[in-house]
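Across the two complexes that follow, chain A remains constant while its partner is chain B and subsequently chain C.
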Partner chain A sequence: MISNFVRSFSRSLTTRNELVHVQKHFEGVEPEKRDRESFLAAVAQFKEKRGRTHVEFINTALKYMKDYGVHKDLETYKTLLDIFPKGKMIPQTAFQKIFLHYPMQQNCCVKVLDEMEWHGVQPDKEIHDIVVNAFGEWNFATKKVKRMLYWMPKLKHSNKYLDRRHVEGKSLSPSELAGIALKMMSRDPAAAISLLKLPEDAWMVTSQSLSQQKLIEDLKTGDEIFVDRSTVYVQDNKIDYIILSGPPKLPPLEEFKKEEMDENYENWFEDWKKRRTEARRSIHEQDFEIIYALGALYKNDNTTAFRWIENLQKTNKNLETLRIRLRLDGNSKFNAI
Partner chain B sequence: MIRLVPRSIHRLATRASSAKPADVTKTDEKPKFAIRSLETSENVEKRSLSRGLALNRFEKDFMIYPEYSDSDDVKNIEGFCEVLRNSLSLTEDAKKIEKDGELSAEVLETLRNNAIFSVGIGKEFGGLALNNKDLSKIFEELSVDWNIFSNSHVNLIVSNIITIYGTQEQKSKYLPLLAQGQLRAAFAVSATSLDTCQITQSAGKTLLNVENLRIVGRHNPNFFVVFGENNSCYLIEEAELGTGDKVVFRRDETLGLKGLDVGKLDLTALVDDSNILGNPSQGQEVAAELIGGGRLSFAAATIGVAKRTLRDLSAWCNRTPSRKTTRSSLADDSRSQRIVTDLALKVYALESAVYYLSGMIDEGISVVVDIENALISMLARETLQSMISVQLELNGLAAIDSNFPYEKNIRDITTVLSLFDDSNDVEQIALATISTWATSSSHKRIVSTLKRWLKNEKESDEMRNPGLTHYIAEHAHPSLQAACQELEYSMTRINTVISKLMTSQGKNIEQDYGSLEALVNVMKNNLLMVSTISRASRSYSIGLRNSDIELAWTTILCSRLSRATWFELDQLSDLFGLVKFNPSLLNVGRAIFDLNGYAIESPIEKNW
Partner chain C sequence: MLRNLRLLRVKPSTSVAFYSKENADINIRDEKKNELKDFNNKVQVMEKKKVGIFGTSNVPMNTNFPNPKGVPGYDPEFSVKELLAELPNTTKKQSKLLGGEMRDLIKSAGVEKVELLEDIGFLRHNEARVEYKFDTKEKLDLWHLGCDSDWKEGFSKCSFVNTQNKTGLFSGSISTQIVKDGRVERAGWASIKLEDRKSFNRKKFLTKWRNFSHLFLKIRGDGRSYKIMLHSPLSMDFTWGDSFSYPLHTHGGPYWQYEKIPFSKFFHTVAGRIQDRQYRVNLEDCSSIGIVLMDRIDGDFSLEIDYIGVYNDTTHIEDFAYETYTLPVFNTHGF
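Showing the complex of A and B:
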């Protein structure tokens, strides 16, 4: 299929044996037709011609990668690096090994690899082999790819709150993404994340744990709590979510605790028994707010948030007696309900 | 060790360079798991991990955790397991299986669609011929219900022995049918003994006759593996029986595993030599292989169950209010955390060991894994037992309420545990090791007490400060240095102790069950240490998710195990080479048996 495309593409661009400016390969394609296939077709066409302007071509291609939406595609980077001729640039003599052999090409290769790293594309063994075949085992560009192969997998899972395998390369619906985002943010392991599907593709996701429900129960009639919106990123996906929160009840935690030795051992056992039944400060009771629930909505406005609250009331009866302020609609006045 | 190239390549390079040509003989045949003696005097450490560790010899290849060389293979098996998991979750109904006493038609259909009955069978006989890592992964999934697991398991181990011992005709006759699930196998190996059939020979034919033979097998079995009193193993297919033959099976009332046929068989069958599996009088070996061949998959199933249990337990504890503190959950209680710690470490260690061993077999280099295989079975049993006690501790009443799934699980586990036992293994493992030790190291029995006493000081110093000779830590991630040192200490100590036992007791050691058991415990600990260290090192080096936890777990596990090892070995050493510390473990039990029970008088009894 690609070869067909190449043929038609090359016909449309040039007549036979005509020189094409590197820029033209990518610029010539209309913006709406710019996709992975046309990008690869352009690369294939360049390779077919066996042009010698590798560096210029790759540099130009790099510029257009984002336009064509291939900046996160490992295969495209492979194809791009595959343009370098094999074997010719491998240093043979001691001098070639000491000094930068084919500096332009190596720099260009490093640039491609940098771009890859910047966009978080994980390298694999094949891309290592491609670079080795072009530049030799221990050249500058090869060292770069080896370092990437060493470090990038090591740091791949440094975000312990999110399992990126659940997001990468998957086509997730907005509600699924919202669920993942809430799961990522809910630090209480008891948090239950529930999805409510409504007619006409509408949905609402809620994350609330038992201790949060308990905190709502403890609120007094007429207490004020708020619904605000905020944004979080799951990998590249921007996700809006809402927070149900209220003013703090406990004083802020002291950053440094002074160690005090209580030397009074009278009634120690009784004291201890009393102390251990006392309620502990939960993770939801932060210094400047108490978080009662998190949610994400198909539409972020007060009306939808109101429906969310209504739904939340089924499990949190006490919500009816509270003054809830929805603050989703931009600069609108606080809408009390 | 800095790894700039992916580990797989690195491993291939190191393994290839370090292994001598004689060591890399590829073995196409199935591995054999029956414990045997390994009487080679050189390079024991290259052939058997546990024997090498007991000899205080170290082979660096064993510190490289085996893995798939191709990432696509990993993706394939993960995809396979996902399909299996999803389809099982749709069809599996524990209550229905219990009620009907068999796997439902849908479950059987699922198993057949996923080719579960053919996973261990060679490709030429219509099987999938999966490797051991794949098998372990699949059996983790199958353990979603013990009945599903055990039905598949019977099929696997029976096809395993036919692959190893069967003639070409037997293979091409039975294996395709087993692969399709048409032959429902059952075998006569029970926990207590190897029950055998009476044999009457006449005119080239053999008449097998037995009543109340204990068998275990798939529901409604039609293919039997039985053993004759002449120590031969017979394969009997129900469809082939003559008019004068009869097979009657009665199911026992068991506590759990209702979907597996556990019961007694009355059998009268006229058979000939084509029914004998392996050579005549090879029955004991076949039986040992039958049990041995199923151990890895059993351990894998244990891992699957344990992982699910831990997941359920955390959901339970996170959502159950604490019994003592208001507004906190059971998970916040230190006691719950402590209880789960033990189980989680056991599961982690078992999982590491199972995939370590599976991987070692898959590498195809001639490594003997009989001892490790038996050790893993013991570990799996321990894990299951502690799983039950953890559930009783944390789930409380829900653990025994039949509305919750825990109760069925506990019943099934106790049934599984009672079906097979490892009672002979302790002595077998210990003697297999010590005999190799004796042939591989030069030692002389010292009869003179004075000489022993003079040597004692040096030995006890070695026990206290073993020192480092192998520097194992160089082969693992630097964070695991402490763990590696613990392993090395443990290796030196076990060598010292065996040497001491051998100098003082010589062959008499075979009578001393207490010492043998202690040795086996130590070998178990060593296996766990090696597999967890190499696993955690690999995980952290390549940056697997949560590998920082793995490092912490491995360190704590190794320091615990090493301490336990020291304690075990300390019991075996003696004071100044004269007074034995080794407690009279056996004497107490002996007294109970001799006196027919607990014969100690009640403390309130009066004598005058």
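Showing the complex of A and C:
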């Protein structure tokens, strides 16, 4: 008995139950017309027929979700799960409760929920209720949605560097995304992020704080600084940014001090002086480089970077006297201005 | 008691937890064997599945974990010939490890026992201890590296190398493209995992971290979210997939990131799936750390690690961050 139940469970995981005519329907739509509406139309058409092949239909539809661009849309998942008939599959006896009641349907539901989880779609109470109405309060599929409802909001905002509410579900322009990326990367709370809009949709974003300006002022005439290119992710957006940095002046920071139980006050003056200089080291003086500014450009090449530097010179007069090396263009690594 | 029954698994998508380099070698060896079989005209289309009382699910549940690696088809046995060929190397390596252990034992023969002192409260606020550095190749070799393409289950790439700044650079690219073999349903992960063992393959536990409140890492990421896993497999098969996890978010950019993650925030997972019954991480059972990337984002990644250690914050009094809820008695979970 047990083995039968579990075996049917495992088989449904390994084999795909799909319907050819449904597949044809999804395939039949032209790639340009594949969107949310046409997906929901297919679901509505199935519902109208009151077919009994729920599992097969959902399995097929699930395969095409990414094609139709609805894999991150909660409403579509709701419509998909709404296909399951209400009430009929709720276990009534203890025996039904203990074992997997309607295994194919439940596993199919779990599969849909798992797909949702994989794409990071946050569940809500409504989707929970949809599953409860189909499968009962504490069934396997319901437990899956309960688990999701419990854990996903818990870990949703665990990232303290990026507020996902600023990014998710918004159509952000490249400059806005760059601004978010710079805000995430600039660890100095005093860093000011500024956007410069140029004609023809061109833009430049700069992040620089007063202490970084001070560091540039302290540089001597002829000192070498570099502009390099790197990439960062803001959720699934890949963003190119540039760093204005130079060689370090101080040795790498001694992060750990060996603390003795009995304190030694013999060299108290030296210790005090050392502590003072250490405290004065700004966050921009990293172990192997000093970071003078961060930026992002509409186009990542040396000419655009040169425009960025020119713009930066308005606030950092000392930049004119420095030797700036732009290293954005792939092959030519050291292009002196 | 079937503690880790996970009927809601679709596919063991994070076989990360069980990755080992030896395994890759064994795969190759298996292939050779298969070729031999073909040559002998004993073609096996599919091996006959063993039918157990709980069916033939290949999901690593407590009742049917195939092996300590949790990987179907893993066979740790090899011929006596190979064993003898490998013997000199093994002897050399093991005696070196044993020698090191003996030296440490003599060195620590004094009256002062650090862990004992820490137990009775000599651990101070703001105290940190760096355990794993990445400055030399030997230290990097303690970490095993893997991604889905190593298992022929995807197209991700990864590497772990020393940099000139005496750090380790874990980089590569993630691809969520699925291999069309009808078996793999999810793809796109890369991982490093600590395989630091004592001589004669004895496990090294993270017991000496027990009095510290935070896991402490100095890293430089790329804005992606990684995951820390504290693996705690024990002798019983239903614990082989156990680990305690927490996401490791990075801010990216040129600034170093000092990440402190409280041990109280780690949640219990089995093969990457969060469990219903939660409890605090027990560092006395943990024998390995892993850093995993599986964020469903296609593209290059890079994570520079300077060190991994522990940190003590006496103001952090939280024991466990999650409430432990219970399910009704007469429900499927009880079975």
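Here is the rule we use: the second predicted complex is superposed on the first by the 293 of 337 C-alpha atoms of A that agree within 3 Å, B and C clash if a C-alpha of one lies under 4 Å from a C-alpha of the other, contacts with A are read in each partner's own complex, and residues count from 1 in each chain.
The rule is simple: a residue touches a chain if its C-beta (ideal position, glycine included) is under 8 Å from a C-beta of that chain, and two chains touch if they have at least 3 such contacts.
These numbers were taken from a predicted model, which means no experiment stands behind them.
S.K.: Could you tell me whether chain B and chain C fit or clash when both sit on chain A in the superposition?
M.R.: Chain B and chain C fit side by side in the superposed model.
S.K.: Chain B or chain C: which reaches more residues on chain A?
M.R.: Counting residues of chain A touched by each partner, the higher count goes to C.
S.K.: State whether A:R187 touches chain B only (first), chain C only (second), both chains, or neither.
M.R.: It touches chain C, and chain B stays clear.
S.K.: With the two structures laid over each other on chain A, which partner does A:L149 touch: chain B (first), chain C (second), both, or neither?
M.R.: first
S.K.: Between chain B (first) and chain C (second), which does A:R276 come into contact with in this model arrangement: first, second, both, or neither?
M.R.: first
S.K.: Nearest approach of chain B to chain C by C-alpha atoms in the superposition, in Å, rounded to an integer.
M.R.: Across the overlay, chain B reaches chain C at a minimum of 5 Å between C-alpha atoms.
S.K.: Report, in rising order, the residues of chain A that make contact with chain B in one complex and with chain C in the other.
M.R.: Comparing the two interfaces on chain A, one with chain B and one with chain C, the shared residues are 147, 150, 154-155, 160.
S.K.: For a test of understanding, state which residues of chain A touch chain B in their complex under the given definition.
M.R.: Spelled out, the residues of chain A in touch with chain B are 124-125, 128, 146-147, 149-150, 153-157, 160, 163, 189-190, 210-211, 214, 276-280, 282.
S.K.: Under the touch definition given earlier, write down the residues of chain C that touch chain A in their complex.
M.R.: Checking each residue of chain C against chain A gives 7-8, 10-11, 51-59, 124, 127-128, 130, 165, 183, 186, 218, 222-225, 246-247, 249-256, 274, 276, 296-297, 299-300, 322, 325, 327-328, 330-335.
S.K.: How about chain B: which of its residues touch chain A in the complex?
M.R.: Touch list, chain B to chain A: 2-6, 9, 71, 314, 318-319, 321, 324-329, 331-332, 541-547.
S.K.: Which positions of chain A touch chain C when the two form their complex?
M.R.: Residue list for chain A touching chain C: 2-3, 6-7, 9-10, 13-14, 94, 97-100, 110-111, 114, 118-120, 138-140, 143-144, 147, 150-151, 154-155, 158-162, 181, 184-187, 230-236, 238, 241, 243, 245, 255-256, 259, 283, 286-289, 291, 294.
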